[in-house]
Structures are given as C-alpha cells and as structure tokens.
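Two complexes, one shared chain (chain A), two partners (chain B, chain C).
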Partner chain A sequence: MSEAQVSQAPRTAPGARSGSFGRGLGAWLAQERVFRLIPFVAVEVIFVLVIIIPFLLTIYISFLKWRANRPFEQAYLSGFGNYQAVLTDPGFWSALGRTFYFAGAAVTLELALGFVLAMLVARTVRGKAAYITILLVPMMIVPVVVGYNFTMLYIDSGPINQLLAPFTQAMGLDPRIRWLSDPVAAQWAVILADVWQWTSLTFLIFLSGFSALPRQLVNAARVMGASAWQIFWRVELPLLRPAIVIAVVIRAMEALKIFDPVVLLTAGGPGTSSQSIAFYLWEQVWVFNKFSFGAAASIILLVIFAVLIFFGIWLLVRSSAAVGRERAA
Partner chain B sequence: MAQIDLKDVVKRFGPHLAVKGVNLQVRDGEFLIMVGPSGCGKTTTLNMISGLERPTSGEIAIGGRVVNELEPGERGLGMVFQDLALFPHLTVYENIAFGLRVKKVPQAELDQRVRAAAEAMHIASLLAKRPAQCSGGESQRVALARTIVTNPSVFLMDEPLSSLDAKLRVDMRTELKRLHERLKSTFVYVTHDQAEAMTMADRIVVMSKGVIEQVGGPLDIYRKPASQFVAGFFGTPTMNFLAGEIDARDGTLAFASRSLREPLGDALPPSLAGRSIVLGVRSEHVEVGRGETPGRVQLIEPLGNESLVFFEFGGDAPLVAKVDAETRLRPGDNLTFGFNPAGYHVFDAASGARLN
Partner chain C sequence: MSAVAGMGRAEAERAGARNVRRRRWRVVLRHAALLAWVAVIMFPIYWMIATSFKEKHEWVAWPPHWLPHDPTIKNYSQIFVFDVQRSGVAREATEQPFNVWGPLADSLLICTLSALVALLLGTFLAYSISRFNVGGRHFRHAILMIRMVPPIVIAIPLLMYYAIMIPLATEAVLGTRILLFDTRVGVSAIYIATTLPFVIWMMLTFIEEVPYTLEHAARMMGAGRMYTLRRVVLPLVASGMVVTFLFVFILNWAEFLLALTLTHPDVVTLPVLLNKFQSASEGRLFGPQAAIGTLITIPVVILGVLIQKHLIKGFSFGTIRK
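Moving on, here comes the complex of A and B:
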C-alpha cells in the first residue's frame, strides 16, 4: 500500500461515520474565531464547576442550620448563627493559634536547615548530584507513608528515644519520651515530621538561589580582602533575599494547612492538644456532621488566610521587583 | 615597589593544561597588557596573580614577596572584572566603600576616601544610586573608583571594557591610560582586543595555547612579530600570508610559489634554501600599480582616510592592499601589484617561527 492511500483513509472516515451534523460541528469548531476560544472555554467550565459552584454552595450552606445526619429538607436559614457559633467557639481559636504556632516553628526550622544544607551542597564539588537526590527524597514520599513511618519512629522504645537516651539521661529526664501521648511532645512530633518532609523544598529553593549567585561578586569581595564570614553577610545573604522570601511565603501558606501529620500521628490528641485548624475543620464536618458550622468556619478561615496570602504575595512582588531593578542593567 | 615575577607558572584544570610554564616579569609602574584569543591562558594567568586561582606549580612574587600561599585580599592589589562585578544590592557609595569596610577603616577616613575616589572618577553625583541605575560608562567608573580607593600597588583588569559600546570603549582607553599616568601603579590588563593592547600598553604579552608567544612594546610587536600567530593577531586588516618555499636558483634567495616569485634580498642566510615558508606582508606593503604581477579586484572597503582593496592573483587566498581613499578601482577591474621588500616577514611553515 502506498503512503498516499494510508494518509487518505482517516481523512474521509470521521465524516462518513458521524454524518452531516458531525461534519458541520467540526467545521464550526475549526473556524479561527471559535477554535482559539476552545481552551478558554474549557478552563472556564472547569473553574466554574470545581471552584465557583462549590464556593457559592459553601456560602449558602454557611447560612443554613443543617447537620448531615438529618435530611436536607429540614435545613432552614439561620442568618449569621453559624458564624457566631464559630467565632465564640474556644476550640476554633485554640486550633487556629496552635496552627500558627506549628507553622511558625516548622517553617523557621525548615528555613534554617534548608539554608545550611543548600549552602553546604552548593560548595560541594564531588557527589553533588547524589546529595541533591538524597535530600529531595523526603518531599517525594507520600505523606501517608511519612506519617506511618514516624508513628513507628516515635514509639516509646523506638529509635528516636534510643538515640536521645544519652542526652535525656544526662539531663535526668525519663528517656521514654511519650511522643504521641504527651500534650507538648505530641505537638513537636507533628512539627518535626513536617520539618523532615518539607526541608527538602526550602533546600531546593535555596540551592537554586546559591547556584544563581554571580561568582564574580564573590571573587571581587575576596580580592578586596573580605573574609568568608564577611562575604556571607555582606554579599551572599542580601542577594539571596528573594529566595528567602519565596521560601517563607510558599512554606507558610502550606504549613498553615497542616493536616496529614496530625491525622496520621496524633489524630489531634491527646485531647485536642495537637489539633491544627484543618484537623478541627475536618472533625467538625466529617465526625460531628456539623456541615453548616464547618462551612461558616471555612469562610472565616478563607478571609484570614486570604489577607495573609495577599501580604505574602505583596512581599514577593516587592522583593522580586527590587531585584529586577537591580539586575536591569 | 610592585614588580611582579612569574617563574615557571603552570596551571592545570584536570587533564587540561591551561598555562604551560609562564616566565614573566612585570616592571614596577608598568602598563602591561596580556592579549590573545579565548582560551589562551591570559585570564588564568591574571587570576593566578590575583590569587583567585592557585598555580599548579611555579612561583608568583609581588614586590619581591612570594604570594603563592596568600589569599587574594592579602596581596595588596585591586581588580576590575569583565562584568565589573558591582554589588547590585549596595549603593555606589557602599560599593566603593566595601574594600575599606571589610578592613574596618574608621568611618571619618572611609567617608573622606570614598568621596575622593568618586571625585577622581567624576562620579560624585552618583553616590546615592544603585549600580542598575548607572549607565555602562558610569558603572565602569564606579568599578575603577572601587579599585583605586584602597590604593593598591597593582591593578589587575580582566577585559574591563568588553561590555561597553565601541565609542565608549575608545574613550575609556584614554581614561585608563590617564589613570595609569596619574597613579603610576603597576597595571596588568587582559584583553582579546589587539587594538586595546596597541593603544594602551607599555609592553604587550601575546599568549597562545598557554604559552607566551612574544613580549615587547606595541610597535616592536607590530613591526617584528616573533611568529606567524603574532603577525596574524596584530594589525587590521590581517596580514597577508603566502605559502611557498625559498628558492636559490639565481644565486639570491627568492620566495617562490605556484603563482609568484619575489626576491627576498639578503636578509636571510643561504642555508634556508629549499625551506617551506610563509611570507607575510601587511596591506600597507602591498603596492598596487607598482609591480608587474596581474590581479583582479574582488572588493573595495572604504575606511574614509584610505581604502582596502581585496584582489585575487591566482594564489590560494586573495590579497588585501591599502590604497588611497580616492582610488578609481572597482570590483572586476584588473590591476598590477608588487611588494615593498622592507615589509617582508618570513616564517617557518612548520613551526611558525620568524626566520628574518
């Protein structure tokens, strides 16, 4: 069979099968003014279906009095009742405060560790690719697996306590730290698991920052007699500012939604001592069936986080604009 | 005192030998320019003087003191980099002050020295600006001010003018030469631009493939290039090269190729008879309308004060001659030409070494 025959076959087939309507639709879609709109329409449809409609529904539900274990027909409008209930619930505020505490501690540690690791790896010559690969592994592991692994690491006679035993004993403490059942230790169990998993990301951001540092600037500082310490503080750190802001913004946004390690390690316990706001929300809705209460709480959170994210993006734009100006020449 | 001595300096990057045993003395207060094509080892040599690279073997001394083991900052030198390397996050003032700040110079003295350096480079009005807000020429001056503020006895410059446009580059050449006159420090300057080397240098070091081809004053190098490489590197347009051999048939030595036979005079020893050579003749020593050899014009390039005529004559490559700007020659015209024997450069065809 010649090539011409092969290429002709599919061209005639669809028209023949779907008839004149199919051919008409195809021709209409192929018009320049229609065709270029197709991707936009597709995106807009998805946007409306998965974001706008659920969002409007959430707002609607937040004004209802409705529990999921009762028929929806019995739901009735209750004005701002749910909002009042959320804002006066001490559990909501303590979960929110604890989330900021988790995020603050975790992000600070992730930034510090990621920075130091990136600095060391950036200066490594031999085996660089191997170090980078190993250090990126935690980020690629499924959070459920991370949580499961950490429950085993945290058991009373587990490896973490064994490793810490010389220090805890030296300080006269009980070496059997109850990572998952002591209120304070449980909070740190959650924080440390998050740090272990997400230091990879800050490491990656800082590594790209370090590799983008112009070598000549460091050389210029060396010729002028600056010590390694002075080069770090006066040249490298200021030039890494955009990378630092990006890492803070990205990690803070994520850490405020912390959920997986809480569910997997402590289930918010003991009591509510390690509940994050995401866990609180989930529990209210899916355990206590308080759908309308949960809807109101998520709208309130949306407003709080939107303000924070706006502030974060403002910081990001400002610092990248500053760098853009500086590199313009 | 800031004489620089390089003794058998070798630099190896893995299997690649970048600098193959360089011996060089830079005199105190001299403006020395290292020139050569990319990858010839000139920047590596400069970086070894600055201390940014350590020599694999050999010895480097500045002012009589061996500096091999000293950090760049301990060598008492100033450096201007190819991309200037101004700190983008610091103002012009802080850029100039950087070298004094890291040495913990008292604030009052620092301020006075920064302002004096800025004054000297005519950038006093820019002190509050960031490098990104400065033009190319201004940035250049900031980089120079940052270097002179620490009073180094040696200035190292790594193609500092390469990022400027042609006009500014020519202006900055004059400025650099003036700066050298004023400071009387030792300048070591690296460039791949032979015109920069010719115009500024007291002495030129021509490098190729990690070795020094020739050291000499600009005119020496132009008039008496030590090798075919140096001859081809200096001068615009590039020197004409004719491959052939030395013929001694009539008792005198002559250059002979398939299409030409030119007597060489008595500048060469008779023992060279039969040797394969390359005859080099600069365009100003090709005399159009003088001799008897016929040629045909391919191209005319007017330069304003004179014109270049490219013509073919039956040889391997066309020749180029400098002629009067008012020439009536047009592409396709026939001409006759001869050479001025005073401008002959005879090189060994195999080694490229000068024979006359």
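Moving on, here comes the complex of A and C:
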C-alpha cells in the first residue's frame, strides 16, 4: 500500500511541471507496474531470441529431409521420417543408456565421497580452512584440462601403470597397459575423471549442510545419552536431507550432460563403447552432417530431459519448502 | 556425563585417559584420510605442471619421470610465438610453433563481455524478482530449468539458427548476410543466455539480504527509482556482484561444447585450442599441451580461491542458516 503511494510522487510532480516527452517517458518507466517488468522483458527477449526461436526452427527442420551436401532451400518435408530414424537407431538408445550408467555410477561415488569428506572436514579443527581450499580446487579447473590430465595419467607409460607395475609384473604381464583401448576401462576412465572433478561440488554442498546443523540439537541428543551412531542416523542425517536432495538433483542433471571428458579421454572409443548421448549427437551432426536427423534427436532428447528436469525441480522445491517450514517453526 | 559421575574416581580417570587416547587416534585417522584425498586431487595437477617443464623425450618416457630431469621452458616459448609465419617452419612436427595469443584474446573477450552483460541483466532481474515478485512464485525455478537443459540440445538448434536462419533473414530484410556462426558475438550471446540463471540465483541470495526499509526510506525522501537502485542497493551488493561476475567468468572460461560446435575456424577459445592438440595428427604434443593447460588453469584457480567463501553461500540454495 505505502509503496504505491510513494510511487505516485515522482510520476506526477515532474511531468506536470515540464510536460516534455523525455520526462514523461521517465515518469512512465518509474511506475511500479512498468518498472518491475523492464528487466523481466529484457531477459525474456534474450531467451526468446537465443533459445526459443532456435528451437522452433529446429522443430521445423526435424520434419525436413535435408543433408549437408544439398543447400537448405532444396530440402523438402518428410513427415516423421527423422523421428522414426532416431527412435529406431540402436546407437541412440545405447548412448542414452550408457549416459545414465555413467551418471549413476559417477553421482553415487561423488555423493559417498563428498559426504564422507564433508563429515571429516566439519569435525576437523586444525587446518580446516586449508582443507576446504584444497578440496574445492577441482571444481575450478576447466573440464577440458581435467580430460587432458587424465589422458596423461592413463597412457601406457603413465604414472598409474608405474604404480601398478609391481603387481602386474608379479602376474607376468607387461606393465604398460593401454587402459583407454579397453571398453570397460575406458568407460571407467571417463567416470573417474568426472568423480575427481565433481566430488568437490558434493563436498561443498554437504559442507554447507553440516555447518548449518543446529549445534544445540546434537548436543542435547548427546547429553541425553545417545551414542555417536544414533546421533548420526537419527539426528544429523534427517537434518541433512535437503542438502542430499540438492546434491543429487544438481549433480545428476550435470552428469547427464557429460561430454568434455569423453571427447578428451576416449573420443567415444574404443568403437562406440564410451559414447555419451552428447557425444553421439555431436558426432551425428558435426562429423556425419546429419542435420535433420540431429534436429529430431535434439527434440526427442529435450522431451526426455524436460520430464527429468520437472522431476528434479519438483524435488528441489519440495525440499526447500521443508526447510522454510522448519525455519518458521 | 552422568555416567562418569556415577563411577569411582580412579575408574573415571582411567576411562578419561582411554577416551583421550581414542580421540587422538581418531584425529590422526581423520587427517590421514583427508591428506590421502588431497594427494589424489593434487597429483593430476602436479603431473600437468611437471610435464609442461619436460623436454619432448621425457613426455612419455618409461618409466615415467616424476620430476623433469632437465627442466626447460621450451614448451612455453613454443606456444607464445607471436607470428607463426615469420618464425618459419620447424624441422620437426613437435617443434611446430603455436600462437596462443589469439585464442587467449578470444577467450578473455568473450568471457568478460558475456559475464558483464549477464551480470547487469541478471542483477536487475534478481532485484525485480526479490522486490516485486516478477514472474510469479515459481519463476526462479523456471529459470533454473534453462540451466539444466543439456548444452548439446541447445547447440544443434543454435547451429541451424546462426548458420541458416539469421543469414537468410538478414538477407531478406536488410540485404546483407549477417553471420553469427563463428563470431565472438554469437558465442557471447549464448553464454549470456546460459549463465543468466546462475547470475539470477546468486544475486537473489545477495539482494535478499538488503533490507527493504533502506530503499523505502530513500524513496520517501524523494529519490527516484534508478537513483535508489544506484546509490542504495548497488553499493550494498557490490561485493556480491564481483563474486557473481568472477563465478560466471569461470563458467564461461571452462565452457567447451558450445564453443566447439558454434565456432570454426576463426574464433578459437582456449578449451577448443587444447582439444585441437588432442586430435593432432602429427604426433601428440604433450608438452605444449601441458603448458596451455597450466596457462588456462592457474588464473581461474586463483580467482576461485578468492571467491570460495562466497561460493559456499551461493551453492547452499537456502539450506544454510544465517
């Protein structure tokens, strides 16, 4: 109410005195109902120009029959042909399945490691700040550089093979193992690079969760004679649930995008055994120039991800609402 | 506590000593576990820096050299060549000079420009969301959705948009073909759109800490809206804006997929340059690659360490209590 009264004053006063167009425009913009929408409209215009229109164009192209060897003007409508081609392509489905496998394995490891590390750091007194600084470093490193670093570790004359040499030689094997030439090892190379980098993010989320734990509650439980085990399972873990939900949602959505380490470490190989869905689509469009196929695949993928994103956001909203209720109580 | 009180004194002392010993062991184990993980984190980074100072016969020597045997800065001088043409063709492929200045300038320009624009727009919108509830209750979550869409899904439409629709449309309307594919403006535009959600989320946490009564007082005393925003709100969130700017800068600096797919061959950002080496046909240039990797990594790690305290707040998504 009072806000509305305040906004009256600058609107009428200068406008009445001068009546010039510039002042009038300024006064019009200063009204709350206009002013509040300026940034909103500006950002929406950017989103429409950079994201919405390209998607509408892509929907149109996904119904065309068009390849790079022919100019765009000669493309013709082909109905659902591209969608059928994508949905019946075994490469698409196996890349999609593999992406879920990568994300599942990586996120599970990251959650477990990040949780344990955050718990250890939260209970440390000496050197706590130094540990936090160092444990957050991987997050800052460019993923492409992480991919490069891990190729250096995995190559046949790399340090990992040297560390394993006593064991491999005892078994009578050549210690210079080509890890990235083996399908399973290549997949785990990608997963481990992701774990190395993003455990720092789950650690960060859990650390802020641990530092937000109400001390009085934990102390009260201890005074009442609860064991450390009971305090952890019955007091701390339930209080950390919002942090866990946030870590799972954010990391899972990010891990499903996995692309950089695949390109840098394995280039999808050997064969197609470590292709993620992002890599698969990139190869279809940028290497094989199957544009309309890529457009259809991109729309299908958007639909699949929209479902996942809605579910993830729903989980986030629900957990943040729970935090709000707790705070109010 | 009450259990201890019930015991005899000697017994309690013995139990206390046992507890102290057990606690000391726990502290030692905790530090051992943390230091082990620190080693895991530091080793790949160390290995890259060590490789960047190695001669070419040491890059893939077996057994690997844990320290460069004769340290050299050759790898750095090889990538910092100003004029590739004038320095002539190298006798060996591994001594081929590379010009990292162009990609460095491209990266700096694109990242700074897009982070600045995203910061201005995002701060303004975050203010509007916080004060006037623009876009409704779930708008901030709707914004987050954009961030969650995989970049490859955005890259394919953008390729067609930049390479086909905009040239055709501008030719029809303006008479000249404007190409956004492989331009700094094109890459910056998509970076602005993809980082806006982060800016809005981070700035919301900072702006919501500024009490509304301050602005109200300024408005009551006759200050205009823009004046209030500039003189009352912005100074209070200035440090938050710096942190957000640096964070978005780091995000753009690290971005690879969109830069790889929307540029070729004119605009080259540093991650794309590093990737080019990876698929080099003339033998792998591990040394110069390590030098570029070190060059990309050091500045952002320093920036990241500077803002890490604020990141803890920014990533808590409201779970942390003040």
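Going forward, the second predicted complex is superposed on the first by the 275 of 329 C-alpha atoms of A that agree within 3 Å, B and C clash if a C-alpha of one lies under 4 Å from a C-alpha of the other, contacts with A are read in each partner's own complex, and residues count from 1 in each chain.
Note that in this section a residue touches a chain if its C-beta (ideal position, glycine included) is under 8 Å from a C-beta of that chain, and two chains touch if they have at least 3 such contacts.
If you're wondering where the values come from, they're calculated on a predicted model, not measured in any experiment.
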* To do: Mind working out whether A:Ala220 is in touch with chain B, chain C, both or neither, as first, second, both or neither?
  => first
* May I ask you to decide whether A:Gln230 touches chain B, chain C, both, or neither, giving the answer as first, second, both or neither? => first
* Asked: Looking at the overlay, what does A:Val184 touch: chain B (first), chain C (second), both, or neither?
  -> neither
* **chain B versus chain C as contact partner of A:Met140, first or second or both or neither** => second
* Asked: Of the partners chain B and chain C, which touch A:Pro238 in the superposed model: first, second, both, neither?
  -> first
* Structure fact -> In this superposition, the partner of chain A with more touched residues, chain B or chain C, is C
* Report for A:Glu32: first if it touches chain B alone, second if chain C alone, otherwise both or neither. => second
* chain B versus chain C as contact partner of A:Leu77, first or second or both or neither -> neither
* To do: Tell me which partner A:Val48 touches in the superposition: chain B (first), chain C (second), both or neither.
  => neither
* Residues of chain A that lie at the interface with chain B and also at the interface with chain C -> 214, 223, 225, 323, 327
* Asked: Across the complex, what residues on chain C touch chain A?
  -> 1-3, 30-31, 33-34, 37-38, 40-45, 47-48, 51, 60-64, 66, 121-122, 124-125, 127-128, 131-132, 134-135, 138, 141, 144-146, 148-161, 164-165, 168, 189-190, 192-193, 196, 216, 219-220, 222, 224-226, 250, 253-254, 256-257, 260-261, 270-271, 274-275, 278-279, 286, 289-290, 293, 296-297, 300-301, 303-305, 308, 311-313, 315-321
* **Residues of chain A that touch chain C when the two form their complex** => 2-3, 6-7, 9-10, 30, 32, 35-40, 42-43, 46-47, 49-51, 53-55, 57-58, 61, 72, 113, 116-117, 120-121, 123-124, 127, 131-153, 155-159, 162, 165, 176, 196, 200-201, 204-205, 207-209, 211-212, 214, 223, 225, 242-243, 246, 253, 256-257, 259-260, 263-264, 267, 277-278, 281-282, 285-286, 291, 294-295, 297-298, 301-302, 305, 309-310, 312-313, 316-317, 320, 323-324, 327
* Of chain B, residues touching chain A in the complex -> 50-52, 71-74, 77-79, 81-83, 85, 87-89, 98-99, 101-103, 130-134, 136, 139, 146, 150, 156
* In the complex formed with chain B, which residues of chain A make contact? -> 214, 216-217, 219-227, 230, 234-235, 238-239, 241, 323, 325-329
